[in-house]
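Two complexes are shown next, each including chain A; its partner changes from chain B in the first to chain C in the second.
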Partner chain A sequence: MTAVILDGILLGLQFGLLGVGLTVVYGMGGVLNLAYGQMAVVAAVVVSLSMSSGLPAGPAVMLGILAAAGIGLALDLTILKPVYRRRGEARVLLSLLLTIGVAFIIDGLLVWRFPIEALSLSIGGEPILVLGVPMRTGSLLASAITILAGGALILFFRSTTIGKAVRSVIQDEVGARLCGVNPSAVRTLILTLSGALAGLVAATQSMTSPVPISAGFDITILALLVTVVGGLGSVRGAFLAGLLLGVVNAMSSFYIGAYITTIILLVAAALTILIRPSGLFGEHA
Partner chain B sequence: MTTEDFDTASETSDLLGGGGGVRQVSSLTAFAAIAVMGIALALVPIWIGDSRTLMGVAVTGLLFACYTIAFNLIFGSTGQLFLAVGAFAGVGAYASAITSDRFGIPFPFTMILATGLAMLVGGVFSWIAVRRSLGIIFTGIVTLTFSLAFDNVLLGLRDITGGETGLVVDAGSDTFLSRQIPPYYVFLSLVLVYLVGYVLLHRSHIGWAFRALRDDEIAAELSGVDIARYRIYAGAIGGGMLGFAGALWAHAEGFISPATFTFVHVDVPVLVMLVFGGIGTLMGPIVGAAVFTYIGEVLASFSQLRLIAEGALLIVLFLLFPQGVVRALRSGASELWRKLRISKP
Partner chain C sequence: MLEVSNLSAGYDSKAVVLGVSVDVREGEVVAIIGSNGAGKTTFLRAVCGLLPVSEGEVRYEGRPITNLAVHKIARAGISFVPAERHLFPEMTVAENLALGAFPLRPDPGQQSLVFELFPRLAERRRQAAGTMSGGEQQMLAVGRALMSRPRLLILDEPTTGLAPRLAAQAYESLAALRAQGMTILVAEQQVPIVLSLADRGYVLENGAIQIEGLATELRNNPTVRRAYLGVV
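Here is the complex of A and B:
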């Protein structure tokens, strides 16, 4: 039981970080990026390719994160420009449709050029006892990195001027503009950050289980579920929802079965929308 | 006939094709267009009838035309983004296949049953969306979760659905539906029926309500249009159309699997076809389905390139012709016509 919950928490931390990357983009721009999972997969492919060409794991992961961040930046500077010109639901809808297109292109390119590539970072070492449960070194390292990144993110949003500027745009774009915040610069920053987060999660995920090139759509859906349960646009909500869904996921796949687990997560997201559209942990009701 | 379009509609309405559409043409023109299209498509087997593969492709194209007309009714006419087109068709297909093969009920009856079930599901989703005032995005996400959950249920209930390997459908396999040419005409008739139904529906009071709530929901509600009721009508009718098409496909093809009805394989192409043809137009779905079936067949031997091409087309289409190619061509033509008239002495 302890082992299952602990497993769920470690998984949930990564879910949370994944959700944050999607939710901040939605929150500040009203952009639903359905190519999010593909950014993670591109990072995984870059890491895998650079490692097989002899680069050590550390720099390779950095390179992968840079690549994913680059995609985020490129999206912001190109196809999202016309999206920003619209407001409200039209913006979300257009962003959703355009990023599906991007996701298709990336998937197609990957299947075409690297059909069998998959990233799996094996971290050696003896299992370490946590609360009397032996845990794999890989998943502990992944969690440590995730916690560090999550802490850094929270610090960034709470304490730095740029972080506060980002939150101001999330709350009220016009108001932020009146206070001298440039929403377009903030959006560029956030899209880049979102890509970097996708890349980071791809790297930590691959320490426990392989990330194949076909994982893009699944990662996007997972991030979307976390985001919906946590409340669209809420950073804190995404972390809490990630932890919750992580534990639910671990429990139900241990006690019930894998395919029911997916259904439970989907139903949880649908019910959240129906019962509390602002999300379980949403900041504004 | 050039009507000046004073479009004061809401923000989304240009994406949803607010203005234009069926309203500008008379019933006679609409039925004439359907007839011409029907005759043109009826000649297709003369050209490719010898090839079993190509006929299969053509039937799939007609199936997607049916899907797109139904989706156009739900999304184009009432602005409900149902990202579960494949799942609704799957509900119809599996319901009809399982009840006919397991209980020995003749398949025409099970198809009616399956259609009713899909109608119910569509109506319920509309009802939920209206009651919880979900908006386009949350409606999209809720129906998308349904679509994914449905896929997982099919995979999980291995004993009933055959799981990933799929299900062989016996009912209908010994009729004309399994021959080479007849299914094409069956599906073509279905397309025509759906189109005529679409025109008649939009000519009725329901159509007036659809246009009112699509152009300005609040104004429609204030003028006494019961938005909830008409959304549910659209959801139920569209859902039923999808379910019937799916069930017919199951009996004609003789085999169904979860992959036939997934979001990626059905909803995304349908969305592309509808946007290409023009959301809210009568003939848009047919044009979209025809063009993309053709492109798909040309690119069939390069399956990865097909994914890339579809993605690129999606982006280009939404950036350049958010109102659809058909509408863009038509407004281009009427612009040209006006210039010609002005230049006459």
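Here is the complex of A and C:
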């Protein structure tokens, strides 16, 4: 039991980080990026290819994260421009349509060029005991990286001038502009950061189980679940929802079976939404 | 300091304000008075870049700022306090003030000036802006606008939603700012209170300036007295 919950928490931290990358982009003004998972997969492919051409894991992962961040930047500077010109529902819908198009194109290109590529960062070494439970080194390393990244992210949003500017745009865009914040520059930054987070999660995920090129939409759906349960636009909510869904995921795949886990996750998400329609922290989303 | 000439603006090609010219000189308090729907808000929003200017020109310290992006106008030294305030509801008072100084780090000296003007904000500095009363939110909106050390402060209906006692307090703090040499342009429906502060004023009705003059002249103008001061 302890082992399962611990596993769930470690997984949940990664879910949380994944959710943050999607939820902040939505919070910035109604852009739902359905190509999010594909950004992660591109990172995984870049890491895998760089490693097979002889690059050590560390620099290869950095390269992968940069590649995914680059996609985020490119999306912001190209196809999201017309999206930002619309308001409200039209903006959400247009962003859905355009980014799902991008997702299909990236998926198609990947299947065409690298049909059997998958990223699997195997970390060797003896299992380490945590609370009396033997944990795999890879899983612990992934968690350590995730906790560090999550902590850095929270510090960024809480304490830096730029981080506060990002939150100001999420909470009141007109107010932010009146304070001298340029929302389009903030959006560019956040799309890039979102790509980097997708890439980072692809790398940490592959330390425990392989990330195949077909994983794009699964990752997007998972991120969407975390986002919806946590409350659209809420960073705190995303981390909490990630932990919740991580534990649910670990328990259901241990006690029931992995094949049904996705369904259970969806049910858990649906129940949360039924009880709290705006998500755990979605009051002002 | 601010010269607006022949400005027209509105929503979706329908002009709400037509050919309005307003001047604000350094150190002055200028009032724009008029009834609800007269075009005061549209005029101020166009000056600050929140609405496109379809015709005319806005110059600030000699340079044209017509249709410049809102954040550029803000960084040029004009702080706008809208009637809806547009605070950051989930951030604390201190964080709201800090953002007022963006892109710079908040200056402690300027923050203590704001706290001197509004001691209540100092008491509430850790409180989330969204949980404060209307009067406190108005103080915070003005305080946030002051954090960038603006040279021109523009306010739209600072008394919106405030009880008479709080409205009077809001104008007391504007009087204190004026005493420190701040240049202020304020749109207001509550004409008596604003004319007791202002040096000059413009009467805006149906999107055009009807009367302009010194505040003392406006107070004695029969039309103004009849329409806004409740004198028969």
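We take it that the second predicted complex is superposed on the first by the 281 of 285 C-alpha atoms of A that agree within 3 Å, B and C clash if a C-alpha of one lies under 4 Å from a C-alpha of the other, contacts with A are read in each partner's own complex, and residues count from 1 in each chain.
The definition used in the following text is that contacts are C-beta pairs under 8 Å (C-beta built on N, C-alpha and C of every residue); 3 or more make two chains touch, one makes a residue touch a chain.
Please read these numbers as outputs of a predicted model, since none were measured by experiment.
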Query = Clash or fit: chain B and chain C on chain A?
reply = fit
Task = Return first, second, both or neither, reflecting whether A:K164 touches chain B, chain C, both chains, or no partner chain.
result = second
Ask   = After lining up the shared chain so the two structures overlap, which partner does A:A270 touch, if you call chain B first and chain C second: first, second, both or neither?
value = first
Message = With chain A as the corner point, what is the angle to chain B and chain C based on their C-alpha centres after superposing, as a multiple of 10 degrees?
response = 90
Request  = Return the chain, chain B or chain C, that is in touch with more residues of chain A.
outcome  = B
Ask   = Where does A:G88 make contact in the superposed view: on chain B (first), on chain C (second), on both, or on neither?
value = first
Inquiry  = Considering the aligned complexes, could you tell me the closest Cα pair distance between chain B and chain C in angstrom?
reply    = 10
Query = If you lay the two complexes on top of each other, which residues of chain A touch chain B in one and chain C in the other?
reply = none
Ask   = Of all residues in chain A, which touch chain C in the complex?
value = 161, 164-165, 167-168, 171-172, 174-183, 284
Remark   = Touching chain B in the complex, chain A uses residues 32, 79, 82, 86-90, 92-94, 96-98, 100-109, 111-112, 217, 221, 224-225, 228, 257, 259-260, 262-263, 266-267, 269-270, 273-274, 277
Remark   = Within their complex, chain C touches chain A through residues 48, 50, 69-71, 74-75, 79-80, 82, 85-91, 95, 98-100, 102-105, 130, 144-145, 148
Message = Under the stated contact criterion, what part of chain B meets chain A in this complex?
response = 11-12, 14-15, 81, 128, 132, 134-138, 140-142, 145-146, 148-149, 152-153, 155-156, 264, 268, 271, 275, 304-315, 318-319, 322
